[in-house]
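Here it is, the structure, as C-alpha cells.
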Amino acid sequence: ADQLFLISGPCVIEEESIMMRTAEKLKEVSERLSIPLIYKSSFQKDNRSSVDYYMGPGLEEGLELLAKVKKEFGFPVLSDVHYPEQIGPASEVLDVIQIPAYLVMQTTLVVEAAKTGKVINLKHGQFLAPENMVKPADKAKASGNDNIILTERGYTFGYNDLVVDPRSFHHMNQTGYPVVFDITHSIRKYGIPSADPNGGAREFLPTLSRAGVAAGVDGVFIETHPDPAKALCDAASQLCVNDLEEFLKPLIEIHNLEVSYRNR
Amino acid sequence: ADQLFLISGPCVIEEESIMMRTAEKLKEVSERLSIPLIYKSSFQKDNRSSVDYYMGPGLEEGLELLAKVKKEFGFPVLSDVHYPEQIGPASEVLDVIQIPAYLVMQTTLVVEAAKTGKVINLKHGQFLAPENMVKPADKAKASGNDNIILTERGYTFGYNDLVVDPRSFHHMNQTGYPVVFDITHSIRKYGIPSADPNGGAREFLPTLSRAGVAAGVDGVFIETHPDPAKALCDAASQLCVNDLEEFLKPLIEIHNLEVSYRNR
Amino acid sequence: ADQLFLISGPCVIEEESIMMRTAEKLKEVSERLSIPLIYKSSFQKDNRSSVDYYMGPGLEEGLELLAKVKKEFGFPVLSDVHYPEQIGPASEVLDVIQIPAYLVMQTTLVVEAAKTGKVINLKHGQFLAPENMVKPADKAKASGNDNIILTERGYTFGYNDLVVDPRSFHHMNQTGYPVVFDITHSIRKYGIPSADPNGGAREFLPTLSRAGVAAGVDGVFIETHPDPAKALCDAASQLCVNDLEEFLKPLIEIHNLEVSYRNR
Amino acid sequence: ADQLFLISGPCVIEEESIMMRTAEKLKEVSERLSIPLIYKSSFQKDNRSSVDYYMGPGLEEGLELLAKVKKEFGFPVLSDVHYPEQIGPASEVLDVIQIPAYLVMQTTLVVEAAKTGKVINLKHGQFLAPENMVKPADKAKASGNDNIILTERGYTFGYNDLVVDPRSFHHMNQTGYPVVFDITHSIRKYGIPSADPNGGAREFLPTLSRAGVAAGVDGVFIETHPDPAKALCDAASQLCVNDLEEFLKPLIEIHNLEVSYRNR
C-alpha cells in the first residue's frame, strides 16, 4: 500500500503496434523500478473540441486491443467511459473503469460503473471543490462498491488554465481512498488543440510532479507514447515512454520519503 | 428578434399540480408582458450531489407531463438530456433540447441532439472559456443543425463560487447565435445542498439580472416555482412565480434600451 | 444624487497642451450631457512595470498643472497618491484624493488621506473580496471623514486577467457610499505593457460599461486622451476623448432606468 | 547554496521577552538542524484590516529590539518596510529588507530599498502572475542591487482564498534568484481576522510545505511564536516555535532530495 503505483499508456487507443510498443516499454520500466502498473488507454474520447479530431477506435475494437495488451503483458487495464451503455461491455475487459473529470457528477454513470464491482477511478472535476469529491465517491459506495480511486488533474483557474492546488491532495486523502496525481493532464492548455505544440506546458512537468507527489499520493497517472509529437490526442502533453524511467525516479524517492513521514 | 424571450418553469418536474399552476401563472405573465415563453422543466436531473436527492420522474413520465403542458398552454417545451439514448424519445415532445453545462463538451450527446433538428440550447460549461463555446456549437452545426442557443450561467471562480463575467456575453454574441442568461443558476452556491436556504444567494438577483441583460442578451432563463421553499430541487435559487412579473419589468426595459444601441 | 457623475481625464499628467485639450473637450461633453465632471490625472504613477516607463511629472509640477485646469475650467480635480508625504501638498490642490487599488489596505496612507477632510476615492483592491471594501472605508471613517467613494476596477481572475463581477456593485452599494465603475482599467491586460496595443481589450468596452452601470453605480470613471495611441500610459485602454459623448449616452440612459427601479 | 535556509520569527514585533524566547528557541533549532536562520519580525504592519488591531511598536522601538536580537544571537534580521522614509533608518539595522506582497509593484519603495545595498526580499504579489515577478526584480537590479530573494506566499483564488501554484516556483526559479516559500501566510484565510482561530487553515501545513519544497526552493519562511494563540497578529497561522524542529525535518530531507535531482 505504501508503494507508488503507476497508471500509464497512450491517451487514446491508436493502432496496435503503438499500443504494443508502449506496453513493452512500460513492462520494462515497471519491472526495473518495481512499480505496479495499470495500463491506460481510452477507447473513445468523447469530449474532443472538434468532431474532426480522432476519437479512438470505439468500444468494440478498443476493448479488443486492451484485452490483447492485458493477455500479452498481464497488466490490469483502464479506460474511461462516457455513457452508461458502454459500461456493460467495458466491464468485461477493464479492471479499472474511469469516470472523466467533466462527468464526475453524473449519477447514472457513476452508479452503473460502481455496480460492476470493478475499481472506479473518479477524476476530480475541474469545477468541483476538492472536498466535494466525497460526493461522487459516496454515490459509488451507496451502490455497494468502495473500490474507489480519486485522481487529481487540475482545477479551473481563470480562463484556459488549470491549477494544481496542493490542498486538493489533503482533502482527497481525508476520504481514505487511494489518491492519484494525473500529471500529464495538469499541463494541458485549454483552448489550444492538443495537437498544437503549445497545447501543453511540458516545462512544468518536473515542478508539478514533484510537488504533487510530495503532497501525498498513492499513484501517478502519466500518459505515455512512443512518439508523442505524432500522437493522435494530447500530442503536446504526453510523455515519451522512453523518458518515463528517468522521470519516475525522483517521484519514487519523494514518495518513499513522504510516506515515511505520513503517519508520524 | 429584438424582443426578449423567456425560458421558465420549475427546475425539475414535480407533481402535475405544481407543473400546471406554474404554467398558468407563466401564461398570464407572458401575455401581460408580451414576452414569448419556452416552458422549462427537467425530466431527470442526473448531477445532483447525492443519490438520495430527488432526480425527477424520469424520461417517460416526465415527457408525458411536458406534453400535457404543451397541449394545454401552447408553450414550446424544454428539458435537458444527459444521455444519448434519451434523445430519441425526448425529441418527440421537446421543442428545445438542452445540453447541461457540465456536458457541453460531450460530442456524441451534442451531435445526437443536433441531428433531431430541434433547437439546441447549449449551456455554457462552468470550466469553458466563453470564446470556446463556439466549439460545441460547431459540433451541432456540423450535424446540419444551426438552431442553436447559447446560455450563460456562470463560470468557476475559486472554489464553490460562480462568477458571471460580462465579457462572456460579448464572446457569445460574436457567434451570431441567440444568447440567453440563466439568472437563477448564477446564484447557486456550490457545495451547499440546493434545498438549504444558503444554497442560493437571492440578494444578487437584481444586480446580476440587470447587468447580464444590459450586457446584451436575447433571452432570460429563470427557474420559477409556486412555492420555492418547498421545491424538490434548487429551492434556494428558484424565483417564486408570483414575483416573476415585477422581476421582469426592468429587464425588459433594459433590454429594449440595449437593443436600441446595439446596431449603432 | 441620482444623476450619473463622471471622473475623466488622461491617465497620467502629460504636457500642458494635452491636459488642456482634454479638459476643453470634457467641458463640452459634460455641459452637453449635463453630467457633473471630476477631472482626473495622476501626478506620479508609482506602479508601472518598469523604471523605464514614464511616471509623470511628479508632485510639484503635476499639482501645478491640475491647479491650472481647476482654475481655468472650474472642475474639481483628482489624483491618486502613493505615499503619505505626498498627501499634505496634494490636499492643497486636489478635491478628491484617490487611493490606488494595490494600496487600499495601507492604513497610514488611507488614514492620512482621510484626515485632510477631502473626498477619498478608494479603488477596489484587485485581491480584496468586495464585501471587504468596508474595511478601508472604516479606516477613513474612524479618522472622522466619511466623504468616501468606492470604485470598482476588476478583480484578479487567474493570471493576467481581471474580471468585473456584477456582485461587487451589490456589495459596495450596501455600504451606502457612492459607487463608481472604473471602466477603462477593467480592460487592461496585465503582463502586457500598457503602451502595447494588446495591453487593453477595447472590444469589451460597450458590454462591460453597460453591464456595470446597470448593476447600479453613481458614477463612471473613464480615462480619456486626445490621442490614446500616443498616450504616455495606458495607451491601449484609454478612450479617445472625442468618442466620449457617444460612449456615455447609453450609460446615462441605463443609469436613469436603473435608478428608477432602485428604490422600488 | 544547496542548503535550505530559514526565515523565521514572530509576525509582528511584540514585547521583548517574546522576541527573546523565540530567538532562543530558533537558535537551538537552527544549530541542531544546521540550517541558516534569518530572524524575521515586522516593526509595523501597515495593512491590518482595522485601525483597532495592533500594528507593532513602530520604526524606532522595533529596530531597537531587532538590533538587540541581532547582537545577542548573531542572526541576520529582516523586517518589511511600507514607506520609503522608513528605509534609511531600517537599513541601519536590517540585513534583509522585505517588500510586502501588496506593495511589490511600488517603484519608489523597491528602488529606495535596493539602493541601500541590503538584501531585498520581494514577496510575490497576490495579484501578479509569477513570471512577472521579474519586473520588480528588474527595478531593484536597475538600482545596482541584485541581492534579491523572491518569496512565494499564495495567489488570489476566487474571493478570500489563496492558492499556492507549484508552477510559480518554476517561474521564480527561472530568474536565477533564491526562491523562498512563505508557508505560514499561504494558509491565511482572508476576510477573517487573523486573531480568529478560523483565520488560518493549519491543517494544510504538512501538505503545502512538502509540495512547495519539492517544487524547488532555497529557503522557507515560517512565522513562529512561543504561544501562537496569544500572538498579536496572525494568531491562527503562526507555528508554535516548539513545533518547528519536527516541522522542518521532512522539509530538509525533501529539499536535499530535490536538489540532488535539480541539475540532472
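Each chain carries a letter (A, B, C and D) given by its place in the written order, and its residues are counted from 1.
The criterion applied here is as follows: a residue touches a chain if its C-beta (ideal position, glycine included) is under 8 Å from a C-beta of that chain, and two chains touch if they have at least 3 such contacts.
Just so we're clear, the structure is a prediction, and the values are computed from it rather than from any experiment.
By number of C-beta pairs in contact, C-D leads over the other of C-D and A-C. At the interface between chain A and chain D, over half of the residue numbers involved are used by both copies, so each side presents largely the same positions. Our note on geometry: chain C versus chain D, Cα centroid distance of 33 Å, whole angstroms.
Chain A and chain D have Cα centroids lying 37 Å from one another.
Chain A and chain C, compared by their mean Cα positions, are separated by 48 Å.
Shared contact sites, meaning residues of chain A that touch two or more other chains, fall at 157, 159. Touching chain B in their complex are the following residues of chain A: 46-51, 55, 82-85, 102-103, 105-109, 111, 125-132, 135, 138-139, 142, 155-156, 159-160, 190-191.
Remark: chain A residues 157, 163-167, 169-170, 201, 203-204, 206-208, 210-216, 246, 249-250, 253-254, 257-258, 261 touch chain D in the complex. Across the complex, chain D meets chain B through its residues 157-159, 161.
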